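Here the chain labels run A, B and C in written order, and each chain numbers its own residues starting at 1.
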Amino acid sequence: MTIDTSIVEEGEELARPSQAPATGVVTAAPRRSSRGPRKFLFLRNSKAITGMAILGFFLLIAVIGPYIAPYDPSARSDDILQPPSWEHWFGTTHLGQDVFSQILVGTRGVIVVGFVAGILATTIGVIVGVTAGYVGGLGDESLSVLANVFLVIPQLPLIILIAGQLPTVGGVTVALVIAITGWAWGARVLRAQTLSLRRRDFVEAARANGERTWRIITAEILPNLTAIIAAGFVGTVAFAVLSLITLSFIGIGITGEWNWGTVLYQAQSQLALQRGAWWWFVPAGLCIALLGMSLTLINFGIDEFVNPRLRSTGLNAKSLRKRGIRPRIGFTPVVYEAKEDRS
Amino acid sequence: MRFFLRRFAFYAITFWAAVTINFLIPRLLPGDPVSALIAMNQGRISTDAIEALRTLFGLDQDVSLWQQYVDYWALLLRGELGISFTYFPTPVTEVIQQALPWTIGLVGIATILSFTIGMLIGTGIGWRRGTWADSLLPISTFFSSVPYFWLALIAISVFSVTLGWFPASGSYDRSLVPTWSWEFIGSVIYYGFLPAMTIVISSIAGWILGMRNMMVTVSSEDYVTVAQAKGLSERAVMFGYAARNAVLPQVSSFALSLGFIVGGTLVMEIVFSYQGIGYFLFTAVAAKDYPLMQGIFLVITLAVLFANIVADFVYGVLDPRTRQEG
Amino acid sequence: MTLTSPLGHTQKLTSASDPVLEIKNLSVDYGYGYDDDPVHVLRQVSLTLGRGEVLGLAGESGCGKSTLAYAATRLLPPPGLITGGEVHFTDRDGRTTDILRLNDAQLRASRWQDLAIVFQGAMNSLNPVFRIGRQIADGIRAHRPEVSQKEALERSAELLELVGISPDRLRSYPHQLSGGMRQRVMIAMALALDPQVLIMDEPTTALDVVMQRQIVEQIAELRERLGFSVIFITHDVSLLIEIADRIAIMYAGEIVEDAAALDVYQRPRHPYSSALLHSFPPLRGPRRELTGIPGSPPDLSRLGAGCPFRDRCAFAFDACAKVNPELVFPNVPGDDPRRSVACLRHDPAAVRAVGEEPLPVPAELSAR
């Protein structure tokens, strides 16, 4: 979620043709056409593809996890604290529960809370951010202060405070609490971008034409914010997943429901560390890391799509090195490759 | 001047908002857990303390909400946060006073260390693009996705349980008496090393990435090319021109993400049983010690606000444009 | 660089007998050629700057005039790539070095000392977080480590006075200065080490007309006093006539005409130069009709054989699609022997070589 507004502003020009694929195709040189319209350019980004693939895998598990789990995750057995084996791929707990089944079943809770919180927080963020940026003046000031207040107040302790005082905590409640505390970052970025869009010619023109405010916002401004909204959503999902797992890990949370955090909570409270039962806490952590990484990768993809300057030349580093090129500021590389076509 | 006045107003509003949230939460949420706790400890709590708790948690139904709010502020301004049930009958303020220095020491030092090292590495990677340094990015992505506390679990299992290099829990050797002796300080550093390193490793990735991206953006500014055209040394251009400007947005995002970082590091204290604010928050949650939870939240918010003011001041020093009159 | 004149014998093309900067066959690509095919933004460009001369470089946006200046100093940002050529700098003592073959340390040492640049858009050319004085002084100290910070700041104050800024501005930050002042600061900064060549990349474009005048006059006056050579880049040809001794016109990454300033203005030989002159009002002198140039510059990434200007040229003929014209002596009797033009109307030999019938030079391009 490291979209800073200066980057976004410049990428704006690049992002715009995606709304008008027709013009993009016309002006593009013939040799570009084989690559498809710009709309799908995002999907050519290898980071984005990797991220999408991993996320897709977890979404699938979230749907089918409970059906393919080999054991009931809560069922006890006599295989106590067994390391990974063919019967128990991720080993067993102190009660003989199958860790692999717990992870499979727990995926759904993580994904549902993550996405519900992400959608809610993004919605609040868009409403507050776009309104603040578009309205300007006093309305902007107060909404910005509101967003900044929520940014500065430490979110996790606030979530703990709210969730800790609730008599019963369900998945949706947790998602709601996370959304209420986690919308501010997206709102802040969106406000900055809306502010700069509002001064653009095409928005000024629409206003001069007497278009209704609602139409200007939905037809002119929102489409240009797509990349940032998407990035904000992905970032919020990551934040929500992390918050949920942290809450579960410290023992606040959804009772009777499995998620990766509750697995870690049990591992911690049953001294898995001291007993050397690494299989108890390693898989859940790796799943969190993988999911988090997939979201980060998607965001990298969006970032690089919006700001091509960030694209790493690492992939081509080898071919550049072979030609003796080191791209850097202030020292243009010199290679004597040009054909001497003039005397 | 105007910049600082605006910021000051903002912090005042934030502080007010945090206190008000703290005031409203127990009143808005269903259920009345505190009455039960008071009833349980009937006869052991002084009437004064009960009165304070009633004000803090809004048990006085016959008093108007506004009056409750005024009483609440009056209580806070006298520095009263009620008494802790877990550490009965110690006042919440005393519990926090004991814990706070540990957290500030551990989290403060580790975060500043992480920020500084992250800025340096990010500067290097952003400046020399297309070299081996770019391959550090995927690794740092991994570490930025892992929850702090899980990394703490791994660190304990590797360095404490398996290798036995560092203690797995606590903040100093319990056989020592806390004094300003070298032995005690050494013990604090020894116990704090693993938690601090875990905080640094898990939070550094974000700084590296942010600084790298900003370096890439700033490097294409004209003044960097001018600096190269002047024939300044590579170091002077990289630090004085590129990094010096790229660090500005990092300082403001440092201020903004501090709340997030602090949240993560508090959980870390739980894993390491490090006797800071986070550990007490955890015990308060487990024991449903609401006065302590509320008090800790207020103090954490205050601490983050204070750190924000410091970050703002640093920003003002670093960027002459904010000091502009008018 | 040698040219084949229509008469068949070769002659040396130097505007001055004492060159300070000679660019030979400089080629530049944009893109390293893995994502998109590289665009050849400069193709075998040659240009000579005489000592003490003011050389104007003009052309539409995107014709490569700034690229030429940045490539010659190796300041072109990624993905710029110099693919060939030489840039010879001749020192006061007659020592010649090829800038493109210097290593990093040598290049650093040479920069600012031998050749300084005033960049386009002074808004972003100054580091926003350092005081003006520090930014002038650090360039001095980088090349003269024996100079103390105090002496460097004293020198900076002198430089500011030289460009008409009060020395107490040394302690100002860039955001406290107006656009015109910042541009002057940039000029002062460029003069810090008494360079022999000053490249000015559209130094006046962002300024209002009054400020433009002042700055141009100031540059002319400073040149008189300090004797440096200038490459002055602009799209405003009429401005060049005021200040330049010689003008080179660029089009699509190539130089199409190179002649004394007055010759370009009164006797343009290339159809593009002629068209360019008719798209700006002259600052002084008789009024003339403004016509503009039809069409737009070609896409450099899709440049085929033939003259790149042919689609917009009123005098194009069949041969123009077949052969890319070279710089030759104009086919007009009595012209200054040092001037050159890249147009097939002036080069019957090249036209015959591809089996076409040469056409005569039109009256518009052979004014006397």
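Remarks
Here is the rule we go by: a residue touches a chain if its C-beta (ideal position, glycine included) is under 8 Å from a C-beta of that chain, and two chains touch if they have at least 3 such contacts.
All values reported here derive from a predicted model rather than from experimental measurement.
Among the pairs A-B and A-C, the greater number of C-beta contacts is found at A-B.
Chain centres computed from CA atoms place B at the largest separation from chain C. For the pair chain B and chain C, the distance between mean C-alpha positions equals 56 Å. Per-chain CA centroids place chain A at a distance of 23 Å from chain B. Distance between chain centres (mean CA atoms), chain A to chain C: 48 Å.
Along chain B, residues 220, 225, 227-229 each make contact with two or more other chains.
Annotation for chain C: residues 75, 77, 104, 107 touch two or more other chains.
Shown for chain A are the residues that touch two or more other chains, namely 316, 320, 327-331. Those residues of chain A whose C-beta lies close enough to touch chain C in the complex are 29, 31, 316, 319-320, 323, 325, 327-338, 340-342. Of all residues in chain A, those touching chain B in their complex are 2, 4, 6-7, 145, 148-149, 151-158, 160-162, 164-167, 185, 238-239, 242, 245-246, 249-252, 264, 267-268, 273-274, 276, 278, 281-282, 284-285, 288-293, 295-297, 300, 303, 307, 309-310, 312-314, 316-317, 320, 326-331. Partner chain A is touched in their complex by these residues of chain C: 25, 27, 32, 34, 37, 44, 70-71, 74-85, 100-101, 104, 107, 299, 301-302, 326. Looking at the complex, you find that chain B touches chain A at residues 10, 13-14, 17-18, 21-22, 25-26, 29-31, 33, 127-131, 134-135, 137, 141-142, 144-147, 149-150, 153-154, 156-157, 161, 168, 206, 209-210, 213-214, 216-217, 219-220, 224-225, 227-229, 237, 249, 253, 255-256, 258-260, 262-264, 266-267, 270-271, 281-282, 285-286, 288, 290, 293-294, 296-297, 300-301, 304-305, 308.
Per the touch definition, chain C reaches chain B in the complex via residues 73, 75, 77, 104, 107-113, 116-117, 119-121, 124-130, 138-139, 142-143, 173, 175-176, 186, 189.
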